[in-house]
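A, B and C are the chain letters, set down in written order, and residue numbers restart from 1 in every chain.
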Amino acid sequence: MKSLTKHLTFNLPERMAFLNITSQVVDLVAESGIQEGLCLVNAMHITASVFINDDEPGLHEDYKQWLEKLAPFDPSPKRYRHNRTGEDNGDAHHKRQIMGREVVVAITNGRLDFGPWEQIFYGEFDGRRPKRVLVKLLGE
Amino acid sequence: MKSLTKHLTFNLPERMAFLNITSQVVDLVAESGIQEGLCLVNAMHITASVFINDDEPGLHEDYKQWLEKLAPFDPSPKRYRHNRTGEDNGDAHHKRQIMGREVVVAITNGRLDFGPWEQIFYGEFDGRRPKRVLVKLLGE
Amino acid sequence: MKSLTKHLTFNLPERMAFLNITSQVVDLVAESGIQEGLCLVNAMHITASVFINDDEPGLHEDYKQWLEKLAPFDPSPKRYRHNRTGEDNGDAHHKRQIMGREVVVAITNGRLDFGPWEQIFYGEFDGRRPKRVLVKLLGE
């Protein structure tokens, strides 16, 4: 069995943003030498997501508006009790639950076994500081 | 280590529908000969889901109404910027995020290690064309 | 390849509640002797979740209010067709889809490879009876 572990760091200047990290994961699959296996990619922070969808800027704007409607940013302690702790990111913990923490992708014949439009994104909901993403590859 | 990879194709006549694909996954687990391992099942399209829940038609109707409320179908480019690209499926990219892309199921003693009501569904949100689901089995 | 399978049982007195089960998963990772691998933790019931977020009581109250708004408890068969079956837990099947069924966590150097605040929770949406969570560890 082979495995490879990598912690990537991202520091996005916006509070909410999506970053295509597919090429970095593709490089790690090649580096691992794994032909058949599984690739886990997860946010290591609880106000961020890793998800798979389309690399289309209009869609990303749609996601932002939609998430803002489902869980509006509100630093006051009235809407989110979490913000009574001195934090202002209660909304980010909710947005992350909608978009998910992680993806698991198959590795087949040494490559990510992807459909035509699948791309891996880091989803940031409380940015402006360095945050980490874990890539774990396992297989043979 | 053993592995098995299978790409299933579904072509659902409705825009939105749920299809129980458990028996096809069960057959692949048997075919793999894996006794202890993991089974990944994921949509390969970004307007579709794979999820686990109950095979109860009333619940599926509830899900459809609920998803339609959370992310209504609207082919116009006004609600979804994504539809400015000429697509009409902006809603489907949102519904898929609620229902998820994939499931990972344990294989124990050569079988899917399921609770009493767990069934695997393909969730289609932009149907009427062939779309693929990946099943990847890994273990020993 | 090593593997370990454990079925945990929880019986929460509330209809909706979140329970930190991290220490039980940590113990199983140690018991498995796995140094590099993957850890799957999933609800075996379709009205419950396993998710990773912050162990902060205010946030958990926020989640409960938010989920209640997104999918209100309503035992009548009017809001949820699922409740026409005699069940009263249609809402729980929806809440579980928001919070997710499972998490997959990397095992690195014999430990859960976690970010600073990541904790694993059992999410109950239709409690007051024993329900199970599966922990499956795979690696070397």
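One rule holds in what follows: a residue touches a chain if its C-beta (ideal position, glycine included) is under 8 Å from a C-beta of that chain, and two chains touch if they have at least 3 such contacts.
Just so it is clear, the structure is predicted and the values come from calculations on it, not from any experiment.
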item: Category of the chain touch graph - line, ring, star, complete, other; value: complete
item: Angle of the C-alpha superposing rotation, chain B to chain C, to the nearest 5 degrees; value: 120
item: Inter-chain centre distance, chain A versus chain C - centres from mean C-alpha coordinates, in Å; value: 20
item: Where chain C touches two or more other chains, by residue; value: 1, 38, 70, 98, 100, 104, 138
item: Touch list for chain A against partner chain C, complex; value: 1, 3, 5, 38, 40, 42-46, 70-71, 80-85, 90, 93-94, 96-98, 100-102, 104, 132, 134, 136, 138
item: Chain B-facing residues of chain A, complex; value: 1, 36-38, 51-54, 56, 58-59, 61-63, 66, 70, 98-100, 103-106, 108, 113-118, 138-140
